[in-house]
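Both complexes shown next keep chain A, but they swap its partner, so chain B is in the first and chain C is in the second.
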Partner chain A sequence: MMKSLLSIARYTFVQQFRNRLYLVVLFFGALLMGVSLLFGALAAEQEVRVIFDLGLLLTELFGIVAVLFGAVTLVLEEMESKTIYLLLTRPLPRGFYIVGRYLGLVVSVVISLLLMGVIHVTLLGIKGWSFDPHYLAALPFIYLKVCVVGALAVFFSLFSSSAVASVVFTLFFSLLGHFGSELTFLARKSESVLSVLLVKTIIVIMPNFQFLNYRDVWHIPGSPPLSLWVWGGAYAVLYAAACLSLSIALFSRKEF
Partner chain B sequence: MGDSHPAILLNSLTKVYRRSHLGRVRTTLGVEQLSLTVEKGEVFGLLGLNGSGKTTTIKLILGLLFPTEGTVDVWGLRMPHPAAKTKMGYLPEMPYFYRYLSAREVLRFYGNVSGLPSETMGPRIESVLKTVRMTDHAHRPMREYSKGMLQRIGLAQAMLHDPEILIFDEPVTGLDPLGLKEMRELIQSLNAQGKTVFFSSHSISEVEKVCHRVGILVKGRLQRVISQSEWSQTAGGLEGLFVDVVTSAGPMEVR
Partner chain C sequence: MSIKRTVLTAGIFFMAFLFSAQAISTVFFTPRWPLFGAPSMQDNALLDVSGVFIGARRFAADLAFIQLLQYYGSEETEHEEGEADSLAAGVSLSFYPHLLTYARRSVGLDPYFHDVYLFAAGALAFNLNRAEEALSLLAEGKKADPTFWRYQLYAGAIAFRKSFQMDKVIELLEEAIQYPDCPPLLENILGNLHKKKGNYARAAQIFRHILETSRDQGYLDAARRQLETLRSMGYTA
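Take a look at the complex of A and B:
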């Protein structure tokens, strides 16, 4: 069974790298890196700092966009092209199919982000940047965010059956996920029981990316603290697992 | 899973499609109270007009659709049972493949998913490619393939894991006379190896040449099962019997 899962993941990985749209996105990411150079030049003495910050931001944005569009079309595309028929008539549990596709996608996106990181570090090196270990600590948190957004997008793609609606729902959830503390503040300030209940439900359902925001603790000496690694990692894994479990439940009931 | 069980057993199988739009639920009958037994080593043809429920029946057997009522057993295992799926090979009416992969890559992928051991994978892939005469083209990406070539790779993937039951959905549709002859010979060769073949078709003349028994579906109901000896002793042959069954079932609706 593990062989089947790895085959699905490997095929998804190959598919992502042979997909021209994916290369366009990769090119787009490289182009944005060029834009960061332009911004860097405009920032005079703070050039390295601007390239550093902008590069990390773009890496995260690129990763989220790549995983979002990849995940939304991951199963829908196979359903529409009917390639899924030949897979599901084989002794492959449907859950393995979903997990294999997801793993293949996430690995391909993370590898592309690593390539982006290499471009970024090279740019920084050219500009005289002296290596900062914070950089290496920041990247895994971006990858964890990518894992969460990918799992969320897979769920919505099976829940809504429309690619556009899936993108909108995932973006909405992902954006709200960055406002966890604001929502908590809102819940505390609200006097209506119904509003409090609603906001608290939203807080539980939405991905809480504050667990994965390394920039919030960047300035603390000795960061990242162990608790951020542990909680961040555990949260991302559990949230992604919950999304995938729901996706498998939906997919198991689908007819073709 | 043993010889005491029939290859395929459909028991009072009913499928009703439900589609809801803006709160309105529309139901369409796929098949109704379909009971049928296909024995090991048999070539069974499912005949019917467009929309009679042939593809629905095949998808129910394969576990792509879930029955509204009734059951499907393959070698005594309730579908969709993974162990039963290892014994089945499926050729859809129009096989769709991953455009970016070559035929060899696709076959290796399906081989892995079917649980084919690594040591037999390579020889098995080459063997099925040779059977469908695609060895020389197997390195090319599948987006470059013609419809006929895709059909051949469709057959190759269906036979890849050496299944005991082969299920073909309209395998002769769109084939030229040479393709028809090849398909007929392939079905006969598979049957000679002891395989059970279940396929749907419009083509009475092809069904007549290769099947041991034929089931006639009309408006989702299995109206009659006819054996080779029956149609060979009837003046009008299988075509005459088919027309009788379809017309006696009442006027056709456009579906």
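Take a look at the complex of A and C:
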């Protein structure tokens, strides 16, 4: 069974690298990395800081875009082309199919993130940056965010059966994930019980990306030590697992 | 796996991540950014909100700082940078009237962006003769991050500047420039103060240091001009 899972993951991994959209995203990401040099020039003494921040931000954004478009078409494409029937005729649990496809996708995205990281570090090195270990800590948390977004995208693709709707829902959840503090403030200020309940429900259901936003907060004095961010990693893994479980439940109900 | 079992598994994972979220909130304090209600310039509100929405407050603050530099570098150019004392007579508040607002916009997004406080306070106090604004900005910085003691160092220099105790100002600025985050604006001011006092050798050293370390073309050109002037007087770094 594990062999089947790994086979699905492997062919998904290869498929992602053959996907032209995926390659375009990678190319575009590398191109915009170059643009960070322009911003750096405008920032004078803060050049290195700007390139550092922009590079990490672009790495995250393009990782999310790559996993988003990969995930929404992961199952939908095979369903529309009917090639999924060939797999489902095998004695393969449907859950293994979803998990295998997801694993192949996230492994392919981590390769792209590492490549972008290499380009970014090279740019920083050229500009006189002295290596900061916080960089090595920021990348895993970017990857965890990408994994959560990927799991959400898989869920919405099976929930809505429409690629466009999946992208919209996933992006909406991802944006709300960074807005937790402001939403909590709104909930406290609101006088309506219904709106407080609604906002609190949204805060609970949506992924809280502040737990994974290490790249934006490492410089803050009193920021928790890296070891405590492991909790954030655990949160990301559990959230992704919950989304995948629901995706498996949805997929199991589909009739082919 | 049956659907019921799958949904049950999902429910378990859901409860587990809720638990971990609660544990994170109670076990440790995730850095709380100020709520996005800081005075933001109307024209750039959308840009700032977008930065917050995608979890990029640091980068949004960087962009705001770039706009501050563009604002400060693009308008009035009738006076030389760092000519602090000569500016004391006749500078009007209409020069860069929104400099403080620009600085507040950047630190409203990232209150731990120390360089914005230091740069803007230096420009306000030493170039634009608006010491009160500079001191209020440094006070905000100190409130946001009481551990960054250099705010007090700069505030001290500005306070002495107000009472025209230039020797004290030089003493504090000499200490400030030892740190890598000291903006070249202040190095430039210190160089000019030394030049005014007749300490040409020390002034030349400072301008040489700016030439070697600064990335800002404006300060590089100013340092080059100053070194040429000093060289013509027989002083080199």
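Here, the second predicted complex is superposed on the first by the 245 of 256 C-alpha atoms of A that agree within 3 Å, B and C clash if a C-alpha of one lies under 4 Å from a C-alpha of the other, contacts with A are read in each partner's own complex, and residues count from 1 in each chain.
Basically, contacts are C-beta pairs under 8 Å (C-beta built on N, C-alpha and C of every residue); 3 or more make two chains touch, one makes a residue touch a chain.
Since this is a predicted model, take the numbers as computed values, not measurements.
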{"item": "Which superposed partner A:4 touches (first chain B, second chain C, both, neither)", "value": "first"}
{"item": "Chain B versus chain C as contact partner of A:255, first or second or both or neither", "value": "first"}
{"item": "Touched partner set for A:190, first chain B, second chain C, both or neither", "value": "neither"}
{"item": "Partner chain(s) touched by A:162 [first = chain B, second = chain C, both, neither]", "value": "neither"}
{"item": "Partner chain(s) touched by A:14 [first = chain B, second = chain C, both, neither]", "value": "first"}
{"item": "Chain B versus chain C as contact partner of A:83, first or second or both or neither", "value": "first"}
{"item": "A:93 touches, of chain B and chain C: first, second, both or neither?", "value": "both"}
{"item": "Superposition-derived comparison: chain B or chain C, residues of chain A touched", "value": "C"}
{"item": "Chain B and chain C contact sites that coincide on chain A, given as residue numbers", "value": "93"}
{"item": "Touch list for chain B against partner chain A, complex", "value": "59, 62-66, 82-83, 85-86, 88, 90, 92, 94-98, 100-101, 105, 109-110, 112-115, 157"}
{"item": "Sites on chain A touched by chain C in the complex", "value": "39, 42-47, 49-50, 53-54, 57, 61, 93, 95, 175, 177-179, 181-182, 185, 204, 208-211, 213, 215-217, 219-224, 228, 231-232, 234-235, 238-239, 241-242, 245-246, 248-249, 252-253"}
{"item": "Contact set on chain A toward chain B in their complex", "value": "3-4, 6-8, 11, 14-15, 18-19, 81-83, 85-93, 255-256"}
{"item": "Chain C residues touching chain A - in the complex, by the definition given at the top", "value": "1-3, 6-7, 9-10, 13-14, 16-18, 20-21, 23-24, 27-33, 35-36, 52-59, 62-63, 65-66, 69-70, 112, 115, 145, 147-148, 183-184, 214-217"}
